[in-house]
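Shared between the two complexes below is subunit A, which has subunit B as its partner in the first and subunit C in the second.
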Partner chain A sequence: MQDIKITARGVQVHYGDTHAIKDVSVDIQDNTVTAFIGPSGCGKSTFLRCLNRMNDTIDICRVTGDILLDGEDIYDKRVDPVQLRAKVGMVFQKPNPFPKSIYDNIAYGPRIHGLARNKADLDDIVEKSLRRGAIWDEVKDRLHAPGTGLSGGQQQRLCIARAVATEPEVLLMDEPCSALDPIATAQVEELIDELRENYSVVIVTHSMQQAARVSQKTAFFHLGNLVEFGDTDQIFTNPSDPRTESYITGRIG
Partner chain B sequence: MTDAAFPDGANGAAPRTTTSLLAQDARTRKRNAAEARFRAYGIAAIAVGLVFLAVLVSSIIFKGVGAFQQTFITLNVELLEEKLDKSGTRDIEAIKKVTTFGYNPLIDAALAQAIAETGIENPFSKGKDLRKMISSGAAADVRDYVIENPDEIGKTVEFRLLASSRVDGYLKDRVTRESLARDKNLSPEHLDIVDALAGAGVVTKAFNTDFITGADASESRPEQAGIGVSMLGSFYMMLVVLACALPIGVAASIYLEEFAPQNGFTDLIEVNISNLAAVPSIVFGILGLAVFIQFAHLPQSAPLVGGLVLTLMTLPTIIISTRASLKSVPPSIREAALGVGASKMQTVFHHVLPLAMPGILTGTIIGLAQALGETAPLLLIGMVGYIASNYPDGVIEGFMAPNSAMPAQIYEWAKRADPAYYERAWGGIIILLLFLMSMNIIAIILRRRFERRW
Partner chain C sequence: MTDQHIASAFDRDLEEVQAHLMKMGGMVEDAIRESAKSLKRRDEELAELVRKNDKKIDALDLQIQEECARVLALRQPIASDLRTVLTVMKVAANLERIGDYAKNMAKRTSVLVHMQPIDGASGAIKRMSTEAQQMLSDALDAFIRRDADLAQDVRHRDLEIDQMYNALFREFLTFMMEDPRNISSCMHLHFIAKNIERMGDHVTSIADQVIYLVKGELPDEARPKGNAPNYEIPVADTVGGGK
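So, the complex of A and B:
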């Protein structure tokens, strides 16, 4: 049994008048891939974005309840969301590299957080991150080419490399493969499995096969409720809730 | 499909009637005709616009190009020592005591001699009558030359003197013998002399650099008037506008777009900015008069004040275009930056602003071009009607000393009675349009250069 990295208790999210997340409690373990599945609009992405306070940027969004990272409340008044996001990195649905060079894409995070003392340090971080993003061999000869010139799958791996460059403890991935073809998806999935060694990974996905392939824990969301949370094997072979069963067998969603 | 497919109104129960694809049915013909009509309207609208543009540009060029040509009379003026330096000591103070009246006889003599050389009879006995052919500013030109080169006194020097505006007009077909019947400034006999002198190469037309670099002149000397000083006034105003409007406008839009909370107050500000963009410019002029001149006691007619007034006018344009270009930066870039732990401000300054830069620059240059062509607000702070006859001494004077501006100068010339000024006004418009065009071209180039895809 791994250590608990994130503990959520009684989380409620409101967008204006819409009650998007209803009383969700979940434990996310370290060195584990946790998948959030569920039909569109069920709140899985919203909940994911609560974990690094990306919802703060939306004025009408209100979050209540407790989310603890290593036992510390991340919604405490003393917490600076910027520091939190350095610890809890994020990869988005659409690959979104900065319109800069590949090198600068990776180096940006370490630069603003002061992780590198000098140029050689920074070069090291860039190489290490690109290797972890499983893209080093493809781009090592053109580090100063624009990141936007890469293919979709390469861009997404670049974004993952960018996220790990700031040495986060948790990596949130919001449907990271939805814009990718099957080959690129396979590469990213392989990468996610490798990342598990160092990070706690939370992935939102629409593909149940993907959830089954990459995750150890799965949470099923439906209409803002956390319906079922447990080991991936158990969820997919022996779900306890009839709604989960309907969803994974394709009857709802 | 439509009802036509089911003539008896049954809900798809009727047997399907197959039609040939090679024949157009009535509905398709109607739709195609409507599209063809719309295309024709569009082409007609563009054609009308192009015709107006062609008429405008050709009439401006046709009427204005004359201002860039000026008639000169080349004379060998004998700088007589007994007239210009009686003592013979070349004492500069003594030379300066001789006014332009002292130079007039010398020019008259030179002109009479040039006429005699052509062999034509000179019907004028008095130099005063003969002198009407030459600009009244000519004597001052000769005097300035002598004061600068006192050693030339006693010698005969060749001068290229400005012809009077009537002579200039005659060479440009503006003045005819018939029109001179009602004009006491020049008589048909003068024109005979001009014809002869032109044949001898004494009277010539040449490119008029003074029109571009020179200062404005009084009402009676249109041949001397130039747009250079007011161009400088416009330049200093644009510096003020750029230095004030760009930082204020960009800072305001970044705050409103990226930082300000969405509430009633920011909505109110937004509505007001849009409204300010539509306020007539003369209103900004009267605001400038009240605030900058009557309250703050800044000097009247100064480019500094003009620039401040134009800043007020340009700000809404810059804010609106800056906000639009900030809005067009995709939110995924902001998320990406926030996701790696950048602060709000780092996100804006490292990622959003560079991507919005081409739009901001374009908006700023368009705003500047608008300000450059603005006349009405300058009316109220005294920059229209001021005769910009001297170059300012130094940069501070440039901002603080009374001056005019290019559009104000054009307006002033168009207002004056002498038809020679009419030509100057059109010439001024050509120069102003050249400036506006080059600013727009710069805007396009900058946009192309900085545009980046994401």
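So, the complex of A and C:
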């Protein structure tokens, strides 16, 4: 049993009149990949975005309840969302490298957070991050080429490397492989499995097989409710809620 | 799970492979019934038919295993769908073994018809095989109805088969000690009884699989077992017939 990294209790999210997340409580473990699954509009991405306060940027969005990172309330007034997002990194559905060089894509975060004292430090961070992103060997000879010139799969791994450059503790991934081909997907999945050693990873995915392959814990969301949360092994062989069964087996439910 | 898949071809694949399993189950039930009947009636022709039909059972097993592999590869079933496919594969393998035991009964019957019959043996074997066949029929019903209670009932009934086997074991031993000329036929009859006892074990395994299919886990509670027969050879002067 791993330590608990994030604790959510009674989380409710409203977008204007829409009740998007209904009283969700869940514990996210450290050094574990947790998958959020569910049909479109079930609230899984909304809930993921609550975990690093990405919803703060949406005016009509209101989040209530408690979300604790290592026991600290992340919605406390004293918490700086920018600092929080350095600790809780995010990778999006579409690879979105900055229109800068590969080097600067990685160096951007460490620079603004003051993680490097000098150029040598920064070089180290860039190399280490690209290695963690499993893309170092492919880009080490062209670090000053634009990041946007890489293939889709390479761009996504660059974005993962960028996310780990600020030494986060949690990595949130919102469908990181939906725009990738099967080979790039396999590379990213392999990377996710390696990242688990150092981080707590939460991944939103529409691919049941991907959730089954990469995660140890799975949460099934439906109509804003957390229907079932448990070991991935159990969810995919013997789910306890009939709604989970209907969804994962591809039935109308 | 009575809801249908969004992909209706997936439903058709699953239904088809289960229909083939039921067909195979029916053929194996027939094989048990006919092999016992051939022994009782000393019908060599019927015994030959059972042996021939086993090839069809084996072919159907192969077909079912291939269909299951195809569903696994193309549909990647999970949860209850996965359990269905896994259960079909295991049950088909169990049925194939039961078919082999019935074939072996028929083979020994072909030899036994040319020997002096042993009093009451073929009737007792017929009763034992009827029980095994009834258990199989119920286990297959439990599969198709997803009825874990019926499967549990089947598991418990294996005890009766074990007890019938133990009684026959002692009886054959006595016959053999009384008259060494009975040894050949009693050996064959004993193997036949043992075959039926093994059929009961395979039916129990099918019932276990049904419980896994319904509940997601195999039964952990140990089922009642018949006492192992006393394998010691009775002492000569208490039974008589010794030198």
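As a working rule, the second predicted complex is superposed on the first by the 251 of 253 C-alpha atoms of A that agree within 3 Å, B and C clash if a C-alpha of one lies under 4 Å from a C-alpha of the other, contacts with A are read in each partner's own complex, and residues count from 1 in each chain.
Operating definition for what follows: a contact is a pair of C-beta atoms (placed from the backbone, for glycine too) under 8 Å apart; a residue touches a chain by one contact, two chains touch by 3 or more.
Here the structure is a predicted model, which means the values were calculated and not measured.
After superposition on subunit A, the partners subunit B and subunit C are seen to fit next to each other with no clash. Of the two partner chains placed by superposition, A:V170 touches none, neither subunit B nor subunit C.
Touch criterion not met for A:V204: it reaches neither subunit B nor subunit C.
Between the C-alpha centres of subunit B and subunit C, as seen from that of subunit A in the superposed arrangement, lies an angle of 140 degrees, given as a multiple of 10. By the document's definition of touching, neither partner reaches A:L180: not subunit B, not subunit C. Touched residues of subunit A, counted separately for subunit B and subunit C, are more numerous for B.
Using the contact criterion defined above for the overlaid structures, shared-chain residue A:L51 touches neither subunit B nor subunit C, since it reaches no partner. Contacts of A:L195 after superposition: neither subunit B nor subunit C is touched.
In the superposition on chain A, A:N238 makes contact with subunit C only, while subunit B stays out of contact range. Superposition on chain A places subunit B within reach of subunit C only down to 26 Å, the least C-alpha distance between them.
Shared interface residues of subunit A (contacting subunit B in one complex, subunit C in the other): none. In the complex of the two chains, the subunit A residues touching subunit C come out as 208-209, 212, 236-239, 242, 244-246, 248-253.
Interface residues of subunit B, counted against subunit A in their complex, comprise 261-262, 330, 332-343, 346, 350-351, 355, 452-454. Of all residues in subunit C, only 1, 3-7, 10, 76-83, 215-217 touch subunit A in the complex they form. Interface residues of subunit A, counted against subunit B in their complex, comprise 52, 54, 57, 59, 82-83, 85-86, 89-92, 94, 96-99, 108-109, 112-113, 148, 159, 162-163, 165-166.
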